[in-house]
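When the chains are written out, they are named A, B, C and D in that same order, and each has its own residue count from 1.
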């Protein structure tokens, strides 16, 4: 999905997750920590399919990771078993070693939740933040939102 | 996938699940309770896509469920982040109110785990086993394995 | 734990959770959606042990619930398998149908995470917010923080 | 808890886990993959508190692990939110590199589930089974069941 503004094309990464029995609580709706697993899955699929940068290889072979240092979330409406959620991801701000994301889940036109995680690129052995590599940074830039925060 | 034997066609239900970061333990391999979540997801997808009998509708509207009363599992080889697992399901034995399943996970040709759950069809309010409905039973029969146990 | 201010005693609810193998990711540290399970467990224990208002009975018998409508979280330092986390809960603001909480996890003196969930009291059948009952509200007030937000 | 037979005292390791909101499914009862998380927690607490052999240190510092290679389980009766489960662990058979366990969960006198996992002691880097160390083996022997399988 692409939106143009000022000559630049801003992409939004999207994928779908069906709400399963295992995501639901005794009230029959998604238990909110399961939403955060879906947020993490969205970041993972974005790396694999959107950025062309395997999440598994980054962690298991290259020794880098993208831990979440903070996150905000709003749960606008409940999701029920069987709902197919469309997850959308864009980059609000791309720092030297960090990325502010906006991730939403919708079912049809209905907004279910919005999350705003901040990821930091770290060398896992030391736990220290490191600058995004140039190729990864270039890929991420394609997802910079039209209403991006100043970097 | 179909295998013929003695004039009857036996189907195997298949779907795929990618091993995600969230499935893996500090050793970097699938934590075995996460395999059981995938086994449950396989049963759920089988209902939705294989049997044409919505798992969500069965639970939330019709008031029936298929709790697992026993399960055996063997973990043949570990699975790592990024592995795409092909899950296969067939019915070993179809009782009046129960079904014995065999579910396997493979990555390429490599067997990773085998599970043999026994499900019982229950009316959820009472918790009592009830006979499979005729249409559901007819659908399930298509997945009866060639080496099925005597019913 | 109690802190005095202006003649009123403000209580902080505390309990402990050990970081288990199942909470940890391939980097050997707590996977952040598991922290939100611990946040939910802290709210649950607060109801059971702090407020004397059984969380199970509220949901399963009385038909009320306290869904989280928004949450913010900061992950200050990673937690490792075997760490014993002390969780502390206080009420920042108590509305007519809602409660703003501050929940922290510490290991020894080391701050690991802070969460600020907003709960709403709802009648589960209708999904509508309802005013806190007087006894529940009176119990919750004991945990109002000294630096509480104006109600 | 101890039971004598033929002059030898056989110990059973026990601890308790309360059934939380997060363990329960849309039917309001424990979702069975959560039971396997509790089984793993029981093995972990047994190492820490029963065997005096820190599960965290074994994995993170010594580089050994105890993966489950097979497991059987029977779910005898459902457990509900708020139930306090008493988990009991004994050793059915202690091999050179493996241990067959029996783990049960009861609420009051009511049996809820029985699991029979087989663990193997492995060196995590190579993934190869290794013989139990003599001190660990000596500790495990204290939990050998009176109706132990021949070693």
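Operating definition for what follows: a residue touches a chain if its C-beta (ideal position, glycine included) is under 8 Å from a C-beta of that chain, and two chains touch if they have at least 3 such contacts.
Remember, predicted model here, so these are calculated numbers, not experimental data.
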Between C-D and B-D, the pair joined by more C-beta contacts: B-D
Which listed pair, C-D, A-C or A-D, duplicates the contacts of A-B in over half of its pairs: C-D
Maximum centroid distance from chain A, chain identifier (CA atoms): D
Chain centre separation in whole Å, for chain C relative to chain B (CA means): 37
Approximate Å spacing (C-alpha centroids) for the pair chain B, chain D: 26
Separation of chain C from chain D, taking each centre as the mean of its C-alpha atoms, in whole Å: 30
Two or more partner chains touched - positions in chain C: 21-22, 26-28, 31, 33, 37, 40, 59-60, 81
Chain D-touching residues of chain A, taken from the complex the two chains share: 21-22, 24-28, 31, 33, 81
Interfacial residue positions of chain A with respect to chain C in the complex: 26-27, 31-34, 36-37, 40, 59-60, 65, 67-75, 78, 124, 127
Chain C contact footprint on chain D (complex, rising order): 19-22, 28, 37, 40-41, 44, 54-57, 59-60, 80-82
